[in-house]
């Protein structure tokens, strides 16, 4: 099922902090009219990205609104005009071929691009190679972040040229000569599509990797593609690699030449509670309620709504939460799933070792779990490498005793962080 | 001269007649210091060493008391000499090998003369072991003590994380574990017998 | 218990060496007196007890005996106990009947059993050149299994006439004493094990074999010297 | 024992301390080796109890009467000397009385020397109190120890042999629980007693959350 | 569309689970044990049935009792006590008096599990703690074997079965010999140890050799274990390690002295090794969790078993070997922690 467009919601809610780093600074005022694609908030320094208007309309308010994580954050609220179309108009076309790496990075920042793989980390930061390092390979992460999600798959099929172009831009920005696109082997069509479009010079290649969550985790992917171990607690850059999600690069390829801003993204809307599941082009700022109604999940009276995938996604508290740059999927579970979940009885750890076998980081969740139970958080950090846990949730997934392992680990990390801070 | 072979003596003292679990020697340190793995190993090493010292002293003293026909001074001489010998060793290590002292030294006073240590002396005398037999016995006893200590420490560390009922906490728990281990070690009874 | 070194740095004022020695000396004297008097006071009773115990043990395996003498059998011959023991001598007891004739010889044997060493006292009958009975001195065998060697009729029957004849060269047993699986005894020098307690049974057999094997060759040549006089 | 600042306990309290409040076996968990090793029968248990009591009383009396004369440096040495003396004495006494008991108790008579209760008493009490108090307290401890041993010995003999003091309780074809007279039995029976006491403690309404009897670190 | 009273569920990720719970695993183990139990009843008749029932019941009652004392809800539903009961019964000789069986069950759950905090808290295999206890308590009864396929096994009980509580069982020798003439009462292991008689393999496979109920059906045990392993309810690596190590050790000894030592096949088929390796060494609560540790643990059990059989006083060593493995498990786990991704290689952690 190809990607479908989703109409504008009457009101668009655009948090100024949709990315890791400093929030953007508004450049418009309440009551002002905006045009789709127009800059409405500028980047506040290097570790920040600008924001663009998703639709023609008028700035109705700038106020605090609930965010997915719970706390209320500063948002620009835009009332979209009925007449607004979804064509890309505003934007100063540029000739990418003649840009220097620095200029390319600047262009990337200007599009407001962040990692669409989930972390929403400013792409230009990631692509800025530190002086002391030299990056050898650009890894393009074509794994589907999590079960249920299909957006990356669709984009690889439908935006193949953009993907290739975007990859080239990223390569220029980082000055790397080689890029590898890693795609899970359950998507042969995507692999074929990309193969057909690969440039002749062979700088870009595509490789199939085993379909096994969390294959898409940077460290895992780098391991399976290049057989490099990113040091515990380290960043990919330390082994001369930068990882970008296919979505990120495809969007770069699509937006950079026309000098457009990131104002919409592909989102997978699915789950048992959804009547018309699939991938949609969703304008940034569209409230959850609108998306659900459109996808036919509006009248589920009792449900769980998750931003992202089932393994790492975030349950949202309010239907007014908007779609932001980091949202790759919306998952809706209905009553039955919830009850099935709540019926599960929690037993003590029976040392079955499943979690140890499954942990991609080679940790010992069983031990960590028992330590957490005994509130021995220091030991967890000091002797059992809690810090290396990237919360993939595999341990909780398999635990026959239904112990909320990763959940406990988050708490423990939080507490340790607070202690470290204090 | 007892009939057992050196192998039988050693294996016996380690397994079937484990000093702690079957002969009930050195229980107080066993119950007291077996809660952490980190301390178990050095504690075992120190004890083994002291037992060796005790065994040597006892062998010599026994010869003396028999030779001069003053058996009634045996016990008193054992205890005094062993105690002072250990203190001597302690001072010497402290002076010449601080590293070793830090590793074992702190435990020495704890075990200067516990049942395991004096026990080696008394049992080797009662069974009139030859010199080699005595030393083997002491080493085996030490090894057995260390093994029991390590196992117990491992189990207790794991149980610290389990939800053990309040009533069972403390010494009662340790004793139950010791009893179970003692059951397990019965399985080695008769090792090398009959041959 | 814990004799912790009193650290020099302890608050108490350091006592002069002399007084230390004095006190220790005094205490030592007191203790010495106590011990020695206890030793002397109990000596007779203890020796008496030991003698009674020994006689009871020996008379049990050698019925009809009325008195016992203790000897050492060294490589060079036999000497009465009490004097200096010969190098690797073997202690044995000679039991006499009322008439003062040798009723039998008793000696100790030991073998590794199931739980620990099993020590037994066996009676040797010079006339029949055979073991005439055994008694257990010490064992830690399992009650109900190993300790049947004390009570099991069938087992004890083995030792009413267990053949320990010497080989022609008089230096070893003609047939080593051997413990065989329950119900498979064929020769007079074999011991029929207790079913379920084979190991303890073997310990007994081994004890007798080793001890008799060493004792008899030394003892028999001098048998006459042992007559009461 | 009398701590500075508080009135010294009455003589009765002094005596009863070791019998119940500070019972060496069940509360302080001291002197475990003889406790477990010789309690295969009630008789052995009581004999051991008596022997230990004798040494306790004797050494405490002597030590407390010379407590002023002994310089700190040689304190421990003196105590060990004295204790060893009394052990040797009791060793001979038992031999004189009954070889059977002597055989049964074996090396554990002489091991009384290293029984922590005794040195513990010597240091903690006898060295600080006048002879009468010291003796009373020691006697109490001895009694408490004997009671503890008996509690073990009796249970082990009843289960392990179907007898008490050698008298059959259940008739001829009772099936003995051999394990009870084997080493594991010792551990289990003592553990059972401690469990029982812990349980009673937790059940008593006013008593605070179960105060588990703590393992006693050797000499610490 | 209406957005009336929406109730929104908030849970931390992950939001899906594999959904194989403890009860499910345990229940499947019970299922896998039933054929073995039935087979042992077929071999030994009414007495085996009575023993299975008594021991299991005793385990369940004890579990419930300790629930009461601890003031918690019943934990019978997790099936683990049932497993304990069945396995315990399967490791006892069919002629074992019922009252002793009840004692074994009580000790297994009480001393072996409940006092350590119940499911998952125990450090030693409860069933084996129970067996070790009665083996030390009633050494004679536990080494008294009854003949398999006795003619009247479905019409009458073995005389010792209904011994009065606390009383000594009668000698079943006469009954056994009349039930099956030429019956010696020695297990294949005992016959090898004391007569160096090598029982032929087919006796084991048909279960003609006398032994603990359930010890004698190697193939059946393997089948049931295979089912569990296939459904990933038990860790196939452990049985493999145990049996492999045992076979290798036996093979080595056979090379050394073929006249004295039997071959791997005998060692694998005789005694409780199969049952132990498949169903008891695999008890999760008492086996290591680390991948390396699991292999080490299995190997230790295999080797120790053979050592006890060859050089120990006992004729069978599986039980003690497994218990020793359990006791070692915490140490093994400590020293075989997996290598953290990206951590320098070959770094051992405390």
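A, B, C, D and E label the chains in the order they appear, each numbered from 1.
We take it that contacts are C-beta pairs under 8 Å (C-beta built on N, C-alpha and C of every residue); 3 or more make two chains touch, one makes a residue touch a chain.
Values in this document were obtained by computation on a predicted structure and should not be read as measured data.
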Margin query: Starting from the defined contact criterion, work out which chains touch subunit B and subunit D both, please.
Written below: C, E
Next item on the list: Between C-D and D-E, flag the pair that has more C-beta pairs in contact.
Entry: C-D
Check: Farthest from subunit A in C-alpha centre terms, which chain would that be?
Finding: C
Checklist line | subunit A and subunit E, separation of their C-alpha mean positions in angstrom | finding: 50
Notebook entry, point to check: Where the centres are mean C-alpha positions, what is the separation of subunit C from subunit E, in Å?
Noted result: 44
Next item on the list: Mind checking the centre-to-centre distance between subunit B and subunit E? Centres are C-alpha means, answer in whole Å.
Entry: 33
Item checked: Cα-centroid distance, subunit A relative to subunit C, in whole angstrom -> 86
Note to self: Where in subunit B do residues touch two or more of the other chains?
What the structure shows: 16, 72, 76, 83, 109-110, 113-114, 162-163, 168, 176, 180, 183, 186, 189-190, 192-193
Notebook entry, point to check: Counting only residues that touch at least 2 other chains, which ones in subunit C make the list?
Noted result: 1-4, 31, 35, 38-39, 114, 142, 144, 198-199
Note to self: Please output the residue numbers of subunit D that touch at least 2 other chains, ranges allowed.
What the structure shows: 77, 80-81, 84-85, 88, 92, 114, 116, 178-179, 182, 184, 188, 195, 218-220
Notebook entry, point to check: Which pairs of chains touch each other?
Noted result: A-B, A-E, B-C, B-D, B-E, C-D, C-E, D-E
Next item on the list: Would you pull the subunit A residues touching subunit B in the complex into a rising list?
Entry: 348, 370-371, 373-374, 376
Note to self: Under the definition above, what is the set of subunit E residues touching subunit B in their complex?
What the structure shows: 70, 111-112, 115-118, 120-121, 123-124, 129, 132-133, 136, 308, 311-314, 317, 319-321, 323-324, 327-331, 334, 350
Item checked: Interface residues, subunit E side, partner subunit C - complex -> 139-140, 143, 194-195, 313
Next item on the list: Please give the residue numbers of subunit C that touch subunit E in the complex, ascending.
Entry: 114, 142, 144-145, 181, 196, 198-199
Margin query: Touching residues of subunit B toward subunit D in the complex: what are they?
Written below: 21-29, 31-33, 35, 72, 75-76, 79-80, 83, 109-111, 113-115, 117-119, 122-123, 126, 166-172, 174-176, 178-180, 182-183, 186
